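In what follows, chain A forms one complex with chain B and a second complex with chain C.
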Partner chain A sequence: MQPPAEHVHWLFATGILFLGLLLLAEAVVGREVWRRRRWRAYLWPALLFGLGVLMWPVMVLFTNSTVHMLAHSAWAQVMMLAGAAELGLVSGRLRHEAWRLCVPLMLAVSGAAFLIHEANPWLYSRSAFVHHLCGWILLVGAIFPLGAAFKPRSWVFAGGYALVMVAVSIALFTSRDVAPVFGHLDPAAGVQHR
Partner chain B sequence: MTQYATEFLRSHTWSARKAVLLTLGPCSAVAGFAWALFQPWRLTLLHPHGQGFWWLVVEPPLLVILAGVLFHVLVARPLVDDLEDLR
Partner chain C sequence: MRRLLLLAPLAAAALAVPGAAWAHATLQRTTPGVGARLPVAPRVVTLSFDQSVRTLPNGIRVYDTAGKLVSGVARGVPGDPRSVEVALRRLPKGAYTVRWSAISNDSHVGHGVFTFGVRVKAPALSQAYGASGPTASEHVVRWLYFICLALVTGGLGFRLLVLRGDATPAAERRFYRLTGAGVIGALEVGIVAFLLRAQDALQLPFTSFLYGDLSPFAHDTRFGEAFVAMELGFAFVAALLFLSWLTGRRSLLWPAFLLSLGLGSGLSLASHQADDRGWLPSFADWVHLSAATLWIGGLLSLGLVVAGDRALRRTAFWRFSEIAGPLVALVVAAGVYMTFERFPALDDLWTLGYGRLLLVKLGLVALALAWGAFHHVVIRPRLDRPAVANRLSRSLAGEAAVAVSILLLAAILVDSKPPAKPAPPRAATGIAPSNTVLQAPIRP
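Let's turn to the complex of A and B:
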């Protein structure tokens, strides 16, 4: 009953797409309007925390290598940390603005994990390409939430953070277990399907 | 800037925000629909024989449409109502 890896990527892509849409909406209307309804303020931090929780089964089930397990557990931890920190800030239990740095930390660690656990070069297969692409988008994109932590009213930083999430979700939706990328598929990757 | 010009700019900014909010969800849904048209074999529900459990449950174009519809109904519309109230 274990799902194929590409299905897991697509399910996470859906969650991250929804997260990106929420962040875009917040960037468009501004934090004050976004938080006019209490439940809405908790929405994306809770989703981020939930995605972190769901990353644990991925860590347990997909044990291709030790690096895979370490990467997935690092993701799970930083996503839960970032989600929990934002939940704490929204509820008022956390007051120090430095907690906002958990989100850029999450993006940087996630990007590094993507790059480290992908052992193959960019054009080895579609999956390898997607992992490299996601890694660099997240690593470079961490600058947006980092900027937003210091300038919370900047729509450039807030919008940039949202678009990073949307870009990652699009990249994840293109993931396939064994498929060529720009006509390249290393013979060692296996036989293409679908 | 005159009071009229300020009011005019504010009104246009609010209208633009509202338009963007009301476009995000449908844009996602249209993207998912276009994907389904371009790659119909991704929708295994259209040809379910011989498909495994996960191939029948996880239909990526439908997931994109679902995300767009849920966002529009649950988030964008109440948010636009709040924008209208503030106006």
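Let's turn to the complex of A and C:
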């Protein structure tokens, strides 16, 4: 019933890659041009919200430790919150600019959850490396949507946010359950299966 | 601000350190399997992990139902550094609890517990040897869960069946806030309830519990299966509720309402009523719970959603009082059936603690019913009088407070053990009946 962790990583990597590419397209052409078709404004927030909903099955399936369960639950909730806040802003149902802070909050909480739930050091195995890498990218990358919340027209902040998501997706695509990283695999991690 | 700047590098360092400090092994397979019913007594218990492990001599302990240790000294499995095992004495027919601790090569310890049975059904993890019963915090958490359920199911029912198309923008806003708080609460409180119940079985200090293996509890117990179904279901209800708010489509509330009503069955299937007694007690429990959440959630909505609008409140009060009667009838009918089903003898009601608690609950239900009847018979025909309308909010708040107290008693009752039914005569084969209750002594 429980799929291998690497399959789940790849599934979310695909979703996050689409998210990053949509954000990148918006950053390249500019918000005004991107939103000439009204439905395009809804694309990335809806995808983010959907990824949050999809994280709940992961939360209930991967219960091999309390800290894993709590980390997946945190991701599910902050992704849904950030997606919902952006959808509310785009549709006009929410008007207060403070709702824009939900996206940097999502990145910061997600990054912290990656770092806290990964039990092993950086070079223990590839999946451990990926978790640490994603954690730090998200934590540091929260600066970009935070800046964008105050300067929505800045292409630096918009582009930076998009590239953060693309970088996270690439890192997640490289994840394997038991595989070496830079030629290093801790003997305690088990036998390389791929 | 300066303090914050000083704390930032410390926080960053703290996040970097866990990677080096919290390495642990994850249990992947056990022999015998988790919750297995074995025809023949096993000679060893083997645990296989996802990485190399060591174990201390008492790292795997197997107990019978009386708490007698039936295992020897734990050791590694020759040729397999990722497995550890312990030899067992000759096991007679009965239920057994395995408690384990394993050390990964980087010196960090993981813990877990599971059960198996030799020619009998394995006990639930909550009845494993050494597991403790529900605590006061679990009663409070379950109570909060019931309130959240009432806010979601009752709130949606109130919006769809009582307000229908007449909601003002302000009432609509309050409805989404109240029901949204309910569904978020149901998700969060559900997680806390699951962790508390798992901790009852694992009996670990907090830091060890963070790395305790919850899989046997999540996937091999009725409570765990209910947790999985209800978390997924309420996440979907949350999404539907949000989309309804975003798009202004009331039709999306119908699937959310039906789903949240159905999710109540998760609690029923994990309750005492589902203990090998067929489908009818579970169904009665679900009817009891659903009708109660609709009634109590409706009362709360009547007080909070339409509070500021006198005309709308009058309409809502009339409509709600029409459906409250059938709801209360369902609550009482299902409750009476379950009382007869649960109590083998009438004097259990006043001789047992469980029965006395039920009597207190029945007293509060009677008070709430009298209050509701007063609203229906006395207040409803006089709603047009300003003096009556002004006092209605306080009266509704009083009735809602009684109803919420009933939920607290219901939470304690659900967590308590009802009187055992008289055991059926033993079968000729000598195999114990499948609903045997294991009375495990509590030893932390």
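In this section, the second predicted complex is superposed on the first by the 193 of 194 C-alpha atoms of A that agree within 3 Å, B and C clash if a C-alpha of one lies under 4 Å from a C-alpha of the other, contacts with A are read in each partner's own complex, and residues count from 1 in each chain.
Just so it is clear, a residue touches a chain if its C-beta (ideal position, glycine included) is under 8 Å from a C-beta of that chain, and two chains touch if they have at least 3 such contacts.
Note that this is a predicted model, so its numbers are computed, not measured.
**Q** So, on chain A, is it clash or fit between chain B and chain C?
**A** Aligned on chain A, chain C fits beside chain B.
**Q** Which touches a greater number of chain A residues, chain B or chain C?
**A** C
**Q** Could you tell me if A:Y124 is touching chain B, chain C, both of them or neither one (first, second, both, neither)?
**A** Second partner only, chain C.
**Q** With the two complexes superposed on chain A, say which partner A:P3 touches: chain B (first), chain C (second), both, or neither.
**A** So A:P3 only meets chain B here.
**Q** Figure out whether A:V29 sits in contact with chain B (first) or chain C (second), or with both, or with neither.
**A** It touches chain B, and chain C stays clear.
**Q** Quick one: is A:A189 in contact with chain B, with chain C, with both, or with neither? Answer first, second, both or neither.
**A** In the superposition, A:A189 touches chain C alone.
**Q** First (chain B), second (chain C), both or neither: which does A:R38 touch?
**A** Touch status of A:R38: no partner.
**Q** Could you tell me if A:S65 is touching chain B, chain C, both of them or neither one (first, second, both, neither)?
**A** second
**Q** Have a look at where A:F18 lands relative to chain B and chain C in the superposition and call it first, second, both or neither.
**A** After superposition on chain A, A:F18 lies in contact with chain B alone.
**Q** Given the touch rule stated above, what does A:G88 touch, chain B (first), chain C (second), both, or neither?
**A** A:G88 contacts chain C only, not chain B.
**Q** Determine the nearest approach in Å between the Cα atoms of chain B and those of chain C after overlaying the two structures.
**A** Between chain B and chain C, the shortest C-alpha distance works out to 19 Å.
**Q** Enumerate the residues of chain A that count as touching chain B in its complex and touching chain C in the other.
**A** Residues 1, which sit in both footprints.
**Q** Can you name the residues of chain A that touch chain B in the complex?
**A** Going through chain A, the ones touching chain B are 1, 3-4, 7, 10-11, 13-14, 17-18, 21-22, 24-25, 28-29, 33-34, 36-37, 40, 43, 173, 194.
**Q** Could you list, by residue number, the parts of chain C that touch chain A in their complex?
**A** Those in contact with chain A are residues 15-16, 18-20, 22-27, 50-52, 82, 104-106, 108, 110, 187, 191, 195, 198, 209-215, 217-219, 227-228, 231-232, 235-236, 238-239, 242, 245-246.
**Q** Given the complex with chain C, which residues does chain A contribute to the contact?
**A** Within the complex, chain A touches chain C at residues 1, 49, 53, 56-57, 59-61, 63-67, 69-70, 73, 76-77, 80, 84, 87-88, 91, 93, 112, 115-116, 118-122, 124, 128, 132, 135, 139, 178, 186-190.
**Q** Quick one: in the complex, what on chain B touches chain A?
**A** These residues of chain B touch chain A: 17, 20-21, 24-25, 28, 41, 53-55, 58, 60, 63-64, 66-68, 70-71, 75-76, 78-79, 82-83, 86.
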